[in-house]
Amino acid sequence: MSSTKLRLALFGSGRIGQVHARNIADHPELELVLIADPFIDGARALASRTAGRAVQDPDEVFADSTLDGVVIASPTPTHVDLMSTAAAHGLAVLCEKPIDLDIDTVLDCRERIKEHAVPIMLGFNRRFDPHFASIRTQVAAGAIGALEQLLITSRDPAPAPRDYIAASGGIFRDMTIHDLDMARFFLPNIVEVSAMGTNSFHDDTKALGDFDAATIILRGRDGEIVNITNSRHCAFGYDQRLEAFGSTGMLTAGNVAPTTVRRYGSNGTEEAPAYFPFFLERYAQAYRAELDAFALSIRTGDPCSPGFDDGVAALVLANAAAESAATGKTVAITD
Amino acid sequence: MSSTKLRLALFGSGRIGQVHARNIADHPELELVLIADPFIDGARALASRTAGRAVQDPDEVFADSTLDGVVIASPTPTHVDLMSTAAAHGLAVLCEKPIDLDIDTVLDCRERIKEHAVPIMLGFNRRFDPHFASIRTQVAAGAIGALEQLLITSRDPAPAPRDYIAASGGIFRDMTIHDLDMARFFLPNIVEVSAMGTNSFHDDTKALGDFDAATIILRGRDGEIVNITNSRHCAFGYDQRLEAFGSTGMLTAGNVAPTTVRRYGSNGTEEAPAYFPFFLERYAQAYRAELDAFALSIRTGDPCSPGFDDGVAALVLANAAAESAATGKTVAITD
Amino acid sequence: MSSTKLRLALFGSGRIGQVHARNIADHPELELVLIADPFIDGARALASRTAGRAVQDPDEVFADSTLDGVVIASPTPTHVDLMSTAAAHGLAVLCEKPIDLDIDTVLDCRERIKEHAVPIMLGFNRRFDPHFASIRTQVAAGAIGALEQLLITSRDPAPAPRDYIAASGGIFRDMTIHDLDMARFFLPNIVEVSAMGTNSFHDDTKALGDFDAATIILRGRDGEIVNITNSRHCAFGYDQRLEAFGSTGMLTAGNVAPTTVRRYGSNGTEEAPAYFPFFLERYAQAYRAELDAFALSIRTGDPCSPGFDDGVAALVLANAAAESAATGKTVAITD
Amino acid sequence: MSSTKLRLALFGSGRIGQVHARNIADHPELELVLIADPFIDGARALASRTAGRAVQDPDEVFADSTLDGVVIASPTPTHVDLMSTAAAHGLAVLCEKPIDLDIDTVLDCRERIKEHAVPIMLGFNRRFDPHFASIRTQVAAGAIGALEQLLITSRDPAPAPRDYIAASGGIFRDMTIHDLDMARFFLPNIVEVSAMGTNSFHDDTKALGDFDAATIILRGRDGEIVNITNSRHCAFGYDQRLEAFGSTGMLTAGNVAPTTVRRYGSNGTEEAPAYFPFFLERYAQAYRAELDAFALSIRTGDPCSPGFDDGVAALVLANAAAESAATGKTVAITD
């Protein structure tokens, strides 16, 4: 353990902000110094439960010259400005996805932060999930030969509120983007995207012109196929699975239940408990491991993974999926 | 048990013909009377191991007025003629898929046999698999609410010989067609097809202009999505799985191993045996149940399910998949 | 396949007799010639559904000089006489367990049949179960090193009728005897028996002075431990499991469900179907494989396994278990 | 969260002491003030990695009037003195099992501490394992009707060093005692004990007159049967399982692997990873939950569970098991 802790500020005291605040406070190498939120009561309540001082104005964060980095968990429209300003102040950044819903804004941001050689990490937390990470490590070690097919199942337990959906940028940019990054975690070079969206159960989503379920097919540079299945609801909880099929074998990761208990009765047998209900529980380990990696990048100066360009690439794929779903045509990805 | 057995003739003494011969011979209600094959040695060897008399000329079958029906397991190019002639002789027909690789030939055959009110069953044996059939029964009974997503995994253990592939009509018409029928078993009305084929490992297949793996997405009339994953090889055997996702739950069917034995060692735990290697073992029960259904249709005169029109519909979808994979565009299915 | 079928007679048209009748009738190498039962209507009904001719008097069986063997599935008190007479007539015998409930009667029978060199097989059908047999084969091949602990779980779905229990000889001689034979299938030389019986739910059984559940511990010659768990009821069906723990690993065999289907809902996940309810379904394959082995012994003249002495040994262990449960003392087994 | 943390001292800086030190240091309601160990270097190293001040003399602990409680993780022979002295100083005590290997010493200790109304908790950590605890909660809620049979499998990965075994008090008092407490967690009133020990693989253990494997059968007051299987080695890791069989169903808890990943290859399928290797990993959650319960008892003054008398009862059963294994007789337990 280092003798001095890394000093971090947090933007946003909402659902994800609360996860990060608790994890930073519990992390032996990190110190939560400031929590910034225009909704100051939220920041205060969070600070009292974890650590740090609540501030309303982001500039109070940038005025603190003792900081090492920031975690951006505020609403998406604030990401680009906060990230740019933080980089300009020499602060390392861990920014929740997406960088922005508009690709031009994202590319413009990239230009602006390029000159500041600070670590920028994108919050694609699932790369740090021990189940998925174990598969990737084994695939990289050749455990299943050449990776040929990757199947990603990703279903939310229930649709978000109407306001959230309206501002989300659509299922591909909001939900699928995590799966697109998972695809790129295994196969960074995607050359084609084909998508089919559907409205299977949720009138609100349909009224907003968005899909509540979708299937997305990607083609990798060497002919690998990625197959993503999404739904905005799932009766049995948060459905997060992965199947990596290779030339000499297959690896799968299943859902996670809180215990190994199984029940046997006259109507059914071997029944497992309900799975972890949503991302806070399912990816609890991943959020902590993400902070470990962020801390390490700050210490070493090594580039973060996933970094800014991974955020760009995922958004490009999400845009292509939206286009394919609208046109019924496969969309080619160019560099 | 009926007092008189139904008398059947079999065309073809190859791999599938042998399955049917054994099952007919063992069936308490069926009698295998004739086995016809131009390669008469094959027919003779099979008859000596099961039952019936070997004949070389199909006309010897049609000359036997004591027969109740025929099972057609000869090469695809012979299907239409044998089926038409059998129907014209008032014989019930169980014909292996596909009817023919050419849709016009198939539609023409339909016209010709329409007037003969004989039971025609198509050999989509997987409908009779107890695992898949159980899911369909439960879905129909509302066990998972409205069916929203259907995922079909279908991977062969190893590619067929080059000659077989060359004459197969391509992966969609030869292999996927079973999965397309399975899709229609759950969702008879498919309105859109999108497919992506790839060449991931097999040079022979590529040289023939065919794919060795493919992903196919179907849209049902009410927005349901079907997701089919195919590969021409699979290191761990014959991979045949189904996942039915509905508004209130999910049902899955996994692969089948010969025993429930599991092994625990220092490197891994809970290891199950290798799965049944290919369709003869995996679908052994299905082939027998198919004969039960065929016998019942002959007895009752009720229409067979799957019937001739199911063969037509699957071929239409396979053709659409091939077109979509070639053009990168979603193909609409019209009645 | 042999040119001539082996000709068998069956004693008993009850539950087990019906299993054997159907299996003999379906077996390509066996012919069911006679079914003998003092309750002639039962024999007639069974013969009409399977094969053979019904007779009332056992002597009609012994008068038929064309027979190769007999299957004895009549009530236990008839076993010794039928077996002795059959052996004297040079007929091979497959006799359901137990030979008799009285060890002196059994040993006396052994003396009488010793001189007739006919194959005698005992109906310990579980030795032919493919799941348990696979474990034994692997253990014998060294897959788990030295076998150190063997755990057998054996629970019936529900208690038999009061009359059956009253005549059964008690749980150890009636139910545990199968598990004791399974123990000896892996570890033929048992040197100590300790048992604890209990009355956990069934007043009828208690009133008869019998136990409705029991735990039996055996010690093998080389210090191996066998642990048997019995119950006369089981809410989730017929519970038949095995765990072989060795110096380098473990092999387990679980219960068998009719399909691989699993159900996922809001209250529970991965639920498997109800298991096969009782021995007719659970051990269907075993009963057929048992006949294969019997037929082979008749053809080759090789000793049957399990043979008469396996029946003796299992009864000796059952008696020791009963004594141990009564006295609270471990009982030594001497040769 | 309380405004003031509970102040604890820890005796012992060995393997278990290190677990407790880390957990106390990370616990939001607890403060690790002192670590006492005659081997002062161990205490110092541990304090530098966690928290608190290292001291050599236990009296330095008892001289600190600011403490709320102590955790005793020092060698067994020191337990009784430290517990008595701590109680006399009004300190709450969490003591690792066993209290002592000698029942008279334990009963004498009980007399001495009776007058001091301090919370005394025994370190039977498995009661806090979420898997086992979930089963007990469900059993108590009637999920499986009346509990009739309880099977506990408990195998260590490898035998401890010879010196440890020599001082351990034997397998029943050292290893089985955890399982005996687990039995009492479900069925507090045990009336009979029968045990069989064996030497299956370890010469050192045999040379010391101890067993390396054992099976123990307990009878509950209402006829319930508990079946414990122990081994001092296990090729596939730390084997910790539970099966609760009741009148209307069954609940099982399996082993725990670090991920849900499963591997499929040509030789085997569905292979899970190696399990957690030993108690530090397997029971990590349990050790933390144990501290939660200890903290709650200190705050509320409510009696601890498991408490001192649970330690007495487990030792009584262990002694009975040793006697039964030596004599071959079932031993009755009297109050």
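Should a chain be cited, it is by its letter among A, B, C and D, assigned in written order, with residues numbered from 1 in that chain.
Methods note: a residue touches a chain if its C-beta (ideal position, glycine included) is under 8 Å from a C-beta of that chain, and two chains touch if they have at least 3 such contacts.
Keep in mind that what you see is a predicted model, and the values were worked out from it rather than measured.
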item	value
If a chain touches chain A and chain B alike, it appears here	C, D
Same or different residue numbers at the chain B/chain C copy interface, by half rule	same
A-D compared against B-D, more contacting pairs	A-D
Centroid distance [mean C-alpha coordinates] between chain D and chain A, Å	40
Between chain B and chain D, centroid-to-centroid distance (C-alpha), Å	58
Chain C residues counted as touching two or more neighbouring chains	235-236, 248-250, 255, 262-266, 273
Chain contact graph, described as a line, ring, star, complete graph or other shape	complete
In the complex, chain A residues that touch chain C	235-237, 255, 257, 262-275
Footprint of chain B on chain C - complex, ascending	1, 26, 49, 130-131, 134-135, 138, 143, 248-256, 258-266, 273
Chain C - residues contacting chain D, complex	144-146, 148-149, 151, 155, 192, 194, 196, 198-201, 213, 215, 217, 219, 223-225, 227, 229, 231, 233-236, 245-250, 328-330
